[in-house]
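Chain nomenclature is as follows: A, B, C and D, assigned in order of appearance, with residue numbering initiated at 1 for each chain independently.
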Amino acid sequence: MIKFALMGAGRIGKMHAAIINSHPGSSLKYVFDTNTGFSEQVAKANNSKVAKSPEEAITSSEVDAVLIASATPTHTRFITMAAKAGKAIFCEKPIDLDIGKVNQCMEEIKGINVPLQIGFNRRFDKSHAKAQQARVNKEIGELEMLIITSRDPEPPGIEYLKAAGGFFRDTTIHDFDLSRFILGDDPIIQISAFGDALFDENAKKTKDLDTAMFIMRSKSGVLIHVNNSRRAVYGYDQRVEVFGSKGMIISDNQIPNSIKIFDKYKTNAQDPIHFFFIERYEQAYKDQFNAFMESIKNKTKPKVTFEDGRNALIIANAAYQSLESRKTIDINFN
Amino acid sequence: MIKFALMGAGRIGKMHAAIINSHPGSSLKYVFDTNTGFSEQVAKANNSKVAKSPEEAITSSEVDAVLIASATPTHTRFITMAAKAGKAIFCEKPIDLDIGKVNQCMEEIKGINVPLQIGFNRRFDKSHAKAQQARVNKEIGELEMLIITSRDPEPPGIEYLKAAGGFFRDTTIHDFDLSRFILGDDPIIQISAFGDALFDENAKKTKDLDTAMFIMRSKSGVLIHVNNSRRAVYGYDQRVEVFGSKGMIISDNQIPNSIKIFDKYKTNAQDPIHFFFIERYEQAYKDQFNAFMESIKNKTKPKVTFEDGRNALIIANAAYQSLESRKTIDINFN
Amino acid sequence: MIKFALMGAGRIGKMHAAIINSHPGSSLKYVFDTNTGFSEQVAKANNSKVAKSPEEAITSSEVDAVLIASATPTHTRFITMAAKAGKAIFCEKPIDLDIGKVNQCMEEIKGINVPLQIGFNRRFDKSHAKAQQARVNKEIGELEMLIITSRDPEPPGIEYLKAAGGFFRDTTIHDFDLSRFILGDDPIIQISAFGDALFDENAKKTKDLDTAMFIMRSKSGVLIHVNNSRRAVYGYDQRVEVFGSKGMIISDNQIPNSIKIFDKYKTNAQDPIHFFFIERYEQAYKDQFNAFMESIKNKTKPKVTFEDGRNALIIANAAYQSLESRKTIDINFN
Amino acid sequence: MIKFALMGAGRIGKMHAAIINSHPGSSLKYVFDTNTGFSEQVAKANNSKVAKSPEEAITSSEVDAVLIASATPTHTRFITMAAKAGKAIFCEKPIDLDIGKVNQCMEEIKGINVPLQIGFNRRFDKSHAKAQQARVNKEIGELEMLIITSRDPEPPGIEYLKAAGGFFRDTTIHDFDLSRFILGDDPIIQISAFGDALFDENAKKTKDLDTAMFIMRSKSGVLIHVNNSRRAVYGYDQRVEVFGSKGMIISDNQIPNSIKIFDKYKTNAQDPIHFFFIERYEQAYKDQFNAFMESIKNKTKPKVTFEDGRNALIIANAAYQSLESRKTIDINFN
């Protein structure tokens, strides 16, 4: 039985707590949150203890693994603390918004050999993963184009925006990682970014964006397009299209039921797609955790590494550079 | 150039006139209708002459072929007249509502060797024909079940109902023929019929039906289901499902465009399907005529024979017998 | 915490054991199976005890509820025993294959007021339930036709067939219940049944059927069609179509992912649908159990009653009568 | 009856000849092609005369309108000749590959008031036009993103490539025009282009491209993505997605039939989409011609003007500038 300390008991922490406790091989031991109301609620619901400090939870001898779902600025501190305490680490994306802090953390944990997985959940979605397998197995021949559509159902509040580090580092970072996942060992080398605040007053106030488009190029010449919006009234629009010399595979949106409606005005109408990531990637969150458990048990390399987290951030930073300079930017992962 | 006499200049006759004149190998010479307003209009629009009598049109030495789209009770008389005059004959379904008259006509034209094709247009629909080919080529293995859904968009008026000969002989007769088409040389041997007037006041007044379901069995054991309605608010519902040992093929509904709509209430919504038979089977009507022209030119047997028309009527009659007796009826095609 | 005794530890019993233990409000206390290998395995996996006799499990004071997933002939005995012991009862379908035994059981438990739910899981499928709600809320106007397609992926073995009580009582019984569920308070009054053993040698040997079609009529005139097969190579085909004066709603098949494949030979191709009932109705089995727990907690009438189980069997019996007599049979639920 | 001179009797000229002659209000009088074999064949098939020179055809007093489907470098000369002769003009895209020649032609015909329509056929596709109407009618609220996928089924030969003027001016020019059509009075102001020759040896030899991606921005801030390939093995991939504040409309691919196939390996599989533009835009070519006839008859401005042709070329030129400079280019339509 792997015993977990959970850092952060907000919406996403709560979800992780339930996943930990429903896995037959793991249980939740400690919960820490600066908001003790949150930590008490999650501890009670999951039969675990509230930690008074991060140290108490992370360094406890009763704890084998740490799941970091706290505010982004705390991630690198908790990763370092847990690594030095020899605990397995699962950390939500992004590692940090500041590449300097990410690099420093990388230095501090260099040589420490603990499982460390970053929470890019989309890699674990069965349909997206099939699109990736199609590329690996050359089911579509040689990959030539990759198109990712990723749109949130509605914009977050201004407080979220203020802390999120900008649209590209908060949201598109998932698509940068998904692109890297599908491309495999063919690195992304160039990016051109467009973006604007078209409708969200909070985005305008915080000088953030709500709408964006990107083109990237891989070393082998694959062209990648990503488009993002903070608002899609029909739900959380998540599509991946891989196109190659022998065909195309689309990982399409998913709908909570299989109802089709025919009336005087429309035919084959389906209900709205899943509302947001908690619903859409419910199974992916579980499978991501299962994979982390496997890598602890089998002492194998986690499927999403610290380096994956760092590389996605580097692409996001290059995207901002492109946006400002109106130029195509060469990406440097060193 | 094959020159045609057209009998009947109503809605369906008008459509046939345009098809005759747009085919490069045929032209319309004469039009006859008891309603001279109709015949004059069609003659004018198609650069042809109004005939004062059926005989003038049918027996004219300028005429090579007769297309019969007049009222059903006139069909057998015109078939006989045209056959005796040595003309090629295309006759709209049904041959007649009275099997006695059909049999008498069969006797009268026995031994006369002219092309004679019945207007079961659905056999010429590309998608239905592919379902039939899938059965012939055993793409679905051995056929085990056949399911036909056929629903009109809205009920006709009471005058139409009074002359139409009943729901099964007017409407289901198409599905009986389509079943026979797909089954090929495996004859239908049994039928059980259910029907009711659930919503159409005119159907109630004329003791007709507006909703019906059938099960048939073929000699080899294939089970066939047909369902019909006089009203489908989303359009002319025309689906064929062939199911067998190696899979299933569905000839699905067709929509006039490829638009999909996503909004707050629905996703993937498409526009209503084609409104009715003129729109849905537009190409099938042309291809049916092309096939008739081919059989004249190549002196080959028409793809839908007098016997096909007679057999569909025999099944319709057996269906009425089942409806009344509440029994499964053995079908006798002799 | 509601404590359960589980009768039967075969494939379906095993599934129910896991559902009981994963519900926060229930736990598995006892397992009984005549095959002690089975009961030991399930008891061990679910942290519960093996009962040496049905009585030990059912009448134990530690037990609040009994879940009956044993062989069909034992159902009525266990229902009666559990009812007399005052336990809540969940019983898999069918209650029994013999209407006499069902009636006798009904007599024996008359007046005993315990929650008693029958396992017609399809009522709890979200999509089927939406089709039923569409009928209740008149989203499709007045219901006129109901069409259920229900095909297994592959035939069972001969031992299963020998015990199953015939295709209609084993398989179609689900569709009879689903029809009754959607029709609500409009009872089914007539049935015509067709069936054959077209491909399965075991069905032929046991004088059973592998392919069947039905038409039923409700009191208000709704026509219902059901078709069944023991083999659909593309998976467990489960479709419900409700058609009415204002439109149609289809509860369509469900596919384990949202992948679409485009290559030289095909477009929009999806993976096979769910393989069989365990996969297709995974959530429905859980929601069925949740509903049972609710009815225990809130002392409300279960959503599927003993009477529902009995009525489905009465329709199945009438179907056999129709098959043999080749007549439409009036159904008598008394 | 509007009498036409047809310039160019190659594949596309042949198609236009048939469209001219099947329209009830027009007929083909003259055909000119430098390849007299071609012009004789088309003249014979369409009951018209071969012209010995462009002048004979264009300036003939028997000719009311000129349809230019000859090689691109001849377009501006024939436009000027026809305009000065007072004929109505339909000219295939592009006007010319050289913006200098286009501007000179514009000067030469300035002040001559004849109907002059450019052959951007996609504007007349019913589904694309519905997407455009959705934008005009604000069915999707305020337009925020536009995504066009346009992929040919297979690359052309090297001779075609040598004359075509480059991928962007030959192929993407349709997507630039379609973008302008959907944007309406909101001009495109910026473009970033990526492209490569990934698979086509002829493209490599001619320093052309076979794969490309673009992002454009409109004055109001709409982001537009276009992706192109010279090869999609599943057919001519033509999709338009308009996304806005109230939803999304997709004009999806079209398939020649409505067949769906279910077998052991796949479900809902459809046949390949239309092979190429002749099949996909068959109706659009007719409707485009109908619109031109309407503008002659009603003396209204054609739906696609000389300016539309020029503006699409200006965008294509800016795209090449972006490709070479790796910068986002500001577009200047003056």
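We adopt the following convention: a residue touches a chain if its C-beta (ideal position, glycine included) is under 8 Å from a C-beta of that chain, and two chains touch if they have at least 3 such contacts.
Worth saying up front: this structure is predicted, and the values here are computed from it rather than measured.
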item: Comparison of A-B and A-D by number of C-beta pairs in contact, larger one; value: A-D
item: Chain located farthest away, centre of chain D as origin (C-alpha); value: C
item: Equivalent-chain rotation between chain D and chain C, CA atoms, steps of 5 degrees; value: 180
item: Same-site or different-site touching of chain B by its copy chain C, using the half cut; value: same
item: Gap in Å, rounded to a whole number, between the CA centres of chain B and chain A; value: 58
item: Computed distance of Cα centres, chain D from chain A, in Å; value: 42
item: Multi-partner residues of chain C (at least 2 other chains); value: 233-234, 246-248, 253, 261-264
item: Contacting residues of chain A [partner chain C, same complex]; value: 22, 126-127, 130-131, 140, 246-254, 256-264
item: Contact set on chain D toward chain A in their complex; value: 142, 144-145, 147, 149, 151, 190, 192, 194, 196, 198-199, 211-215, 217, 221, 223, 225, 227, 229, 231-234, 237, 243, 245-248, 326-328
item: Chain C partner contacts - residues on chain D that touch it in the complex; value: 233-235, 253, 255, 261-273
